[in-house]
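Consider the two complexes below, in which subunit A is the common component and subunit B and subunit C are the respective partners.
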Partner chain A sequence: MGSPLETPQPLVLHERPLVKLGRVALDAVSGVRALVSLFLRTLWFTFRGSRPKGATALQAFEIGNRSAPFLALTMAFIGMILVYQSAVQLGRIVPDYSMVGANYAELLVRELGPTIGGLMLATRVGAGMAAETASMVVTEQVDALRLCAADPVDFLVVPRFLASLVMTVVVIVLCSGLAYATGALTALVAFDVRLDVFVNLSLVDFGDVATGLTKSLAYGAAIPICSCHCGLAAEGGSAGVGRATTAAVVLSSLAIIVINFFISASAFLVGL
Partner chain B sequence: MGFLMALSSRLPYRVWGDLRGFVASLGGGVLLQAATVGQMGVLLSRIAARSTPARLDRRELVRHMEFMAIESLPIVGVTALFTGAIVIIQAAPVVQRFGAEGLLGWGAGFGVLREIGPLLTALMISGRVGANNTADLGTMVVTEQVDGLRALAIDPIAYLIVPRFFALIATLALMTIFSDVLALVGAALAGEVLVGLTMHGFYNGFTSGLIEFKDVAHGLIKSVAFGFIVALSSCHFGLATTGGAPGVGRSVKASVVASATGIFALDYFLSFVVP
Partner chain C sequence: MIRLDSLGVRLVDRRRGDRRWVLKDVSLCVPTGCIYGLVGPGAAGKSVLLKTVVGLLEVEEGLVALDAIDVGQAAPLELELLRRRIGMAFQNNALFDDLTVADNIAFPLRRLFSPSDDEVREKVKERLDCVTLSGFQDRMPAGLSGGQKKRVAFARATITRPPFLILDEPAAGLDPVSSQRLFDLIKRDVTASGSTCLAVSSDLDRLLPICDRVGVLVNGQLLFDGTVAEARNAADPRVYQFINGLPDGPL
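For the complex of A and B:
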């Protein structure tokens, strides 16, 4: 364990490219395998495990109630920004703002609400989970759990997984509503679009709602798996906790963007 | 006041206690946030004071930028490619409804250059570089290495913070250019493969003259502002770390949350102010 003052270490740029590529590929494969393994173990213990009573509710409070103000703030801003930018964009071709609200509602339900909300949850909840579990690993509390024959996946990951599955959907639906409201206000104030013209849900159909909810559910599953994977893999004191938390934020955000691409593409190809 | 007294005497004790607790926690939260903002202001003025005769340690700066930028290239690249593709997938139904496929290149370019490129790059850099910076500084603080520097009469702000601060701002601006390009490539590829719009048509739409240099500049000005807020909050929470290994984790979390809040708030104001 070198002293952190020595990081950032000089990069090895002259390493042979094929060696580097091979190492990256091997790392990626083993990382994905570890994630899938953790996910399967989590599912197994969800149905077969014996976690302490109330642990899930506690995590649901942490994920839902504690994150709601942060998420509400960012989503309120993103609602205003998006309506403003899209109206400016539209204004360059046809200055007719009557359909801004309808298109915004569709885009919010199927794409922006789940994804921006998911990225924010990945930042806050992912970092929190990784920091917690990594601290437990480096202070040997996880080893103590194993000593008591309590599987860390059952004891730590499953409550976070279940809570995140429920609360991500709830928080995203609530905050998307808020983003819609702030968007409507921006359209009213900046572009004189009346509220009854803006509130137009005619373009939101079953496919949009289904896509949006699928995305929220998938993000809710991905965030705790990615963050707990990083947290449980921590080693080496306070520097290790820092590295694990950083890795969790990056991995969860990346997972959300990749999942978003695959769900969006399949919804588009199916024609939802 | 009299009304409140009368109310308090009627309310059951538990409810009144809860209410008081709620008000107290609300006020406490506000005071805590105000203290954080104030400390960031102090840190900023110190950074400004240490760098007013511009005497940057160029070697440190380059070393940090090398680490921050080159290490983040893969993740920013992947994010940008997928984001560009998503923009096209989501814009395609809207554009097809209006029968304006020729405008798809323009629409994607506008959204990516002005809004989505800078925003997502800033969020990824905040997660990758800002969080790393906080973790690094936090580890140095809890292992008393920063105190060690002070004991050697080396100013931690000048030695540790100033190079990181400027390296992060520069990194984010450069990364935004990189990810703008890759997002447009991703959009063009997705248009070709999924939507059935040729790359040529995408390019024509993109260069039809509706995108001006000021749209690119809009995005870049934003990215500099985002770099500023990410650098400031990551350095602040790193230096404010207390309490061993769990403290480092808490600092990293606080840093990414503050960065994201700052990014969205600044994005809102800059969207209106910058033409």
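For the complex of A and C:
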């Protein structure tokens, strides 16, 4: 065994670029593996766990009710900006605004509602989840759970996962409706587009609704998994909590963009 | 009995990106019913040792055994059964923020033994009386003082009357009076229950008088294992300096 404790090696500050690249690649692979593992364990405990009653409802309130005002305000303004900008651009080519509402509805249902809503939720809900779980890690509450045969995934991740799955879809649907309404008002006030002309769902088909709902559901699953993964990996006091929170927002946002790409591509390939 | 045989534990050093030995070649034995005080300077590996004993950290080398059960080799179910026999008070108290004092204390009981509500209420009341916090059952941890949190953590660790009691800095940050009261309580409670207790504390003046044996851990190595009287006259200058609290010396 040699000497009980080795003499500390000097800290290597400058790695060769290839070594650094290799390290980053290995870290990325192990990170993805850890995320997949957490997701599978979450699914397992969703059906087999013994978490406390009411935990999911509490998280649903936190994710849904508490996020709704922030998300509603954001989506309302985004709705106004988008309709205004689209109409301005359209007016330069053909001064006919009759299809602005129809195109906006399709874009909102398929892409903007879920993705902007998902990104907003990732910042608010993701940061909260990561900070909460990371605090529990650094204050040894997670160790205390494990010592009482309570799996942290069952107790901390599953309630957030289930609540997020439901409430993300609900909040995104409601806030997309609000974005449509503020868009309609903007079209009326700024471009004299009557409401009965603007409200036109002729371009929204089953494929748009299915794609939008699938995205919302996928974001609802990705946000708690990414955030809790960062939170549970935290170490080192309040600085560790801060790092976990930042990492959770970055990872959740990145996951939303990547998932968006794959769902959009899949929908295109299957003709939706 | 708690037995450690040539224990080695490595943890990831995030700054350097590799795994470093935090404990190496640590051997000690805590006989049944004994209060063993583990002391040492900061970052010596004391908390790591406690977490390894209860199976929260992986045993890299050597053996950790609680009675006849090898913690490092125990299957998940065996580890779960073993944890029913362990009570632990953590350095940071680890009280669950969203649970009341009563629910915090009852948590291990409910999780590990599924008792009736009446039994839970009765045992929680008995523990609250014992730590002189009667009437605090509906308070939240955020509304408690440091000393009260420590006492709730001790009550939670002992509610199942575990044969093995692990205490990590049970009186850290407390004033001398509260600290003395807590150590007196530990001594009384452990003697009454006959538990085997492994306690880490920096408050030597209060810990050593209640200990049957003491170990001195420095830089991941156990430099001394013996009685308190032997420790006070230890031949190793580092042990002598630390136990006697001398400012000058090799440490």
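Here, the second predicted complex is superposed on the first by the 257 of 272 C-alpha atoms of A that agree within 3 Å, B and C clash if a C-alpha of one lies under 4 Å from a C-alpha of the other, contacts with A are read in each partner's own complex, and residues count from 1 in each chain.
Keep this in mind: contacts are C-beta pairs under 8 Å (C-beta built on N, C-alpha and C of every residue); 3 or more make two chains touch, one makes a residue touch a chain.
Since the structure is predicted, the reported quantities are computational estimates derived from the model, not experimental observations.
Contacts of A:R23 after superposition on the shared chain: subunit C is touched, whereas subunit B is not. In the superposition on chain A, A:R124 makes contact with subunit B only, while subunit C stays out of contact range. By the document's definition of touching, of the two partners only subunit B reaches A:N103; subunit C does not.
Looking at the shared chain after the overlay, A:F61 reaches neither subunit B nor subunit C.
When both complexes are overlaid on chain A, the residue A:D143 reaches subunit C alone and has no touch with subunit B.
When the two complexes are overlaid on their common chain A, residue A:Q89 makes contact with subunit B while staying clear of subunit C.
Once the two structures are overlaid, the count of subunit A residues touched is higher for B than for its counterpart among subunit B and subunit C. Residue contacts after overlaying the shared chain place A:N260 against subunit B, while subunit C stays out of touching range.
Comparing the two interfaces of subunit A, the one with subunit B and the one with subunit C have residues 4-5, 8-9, 11, 138-139 in common.
Subunit C makes touch with subunit A in their complex at residues 8, 14-17, 20-21, 24-25, 51, 54, 56, 61, 80, 83-84, 86, 88, 90-97, 107-108, 111-112, 219-221.
Only residues 1, 4-6, 8-9, 11-12, 23, 136, 138-141, 143-144, 146-150, 235-236 of subunit A touch subunit C when the two sit together in their complex. Subunit B meets subunit A in the complex at residues 63-64, 66-68, 70-71, 74-75, 78-79, 82-83, 85-86, 89-90, 92-94, 103, 107, 110-111, 114-115, 120, 123-124, 126-128, 131-132, 134-136, 138-140, 142-143, 145, 194, 210, 244-253, 256-257, 260-261, 264-265, 267-268, 271-272. Chain contact summary for the complex, subunit A toward subunit B: residues 3-5, 7-11, 13, 24, 70, 73-74, 77-78, 80-82, 84-85, 89, 92-93, 103, 106-107, 110-111, 115, 119-120, 123-124, 127-128, 130-132, 134-135, 138-139, 237-246, 249-250, 253-254, 257-258, 260-261, 264-265, 268-269.
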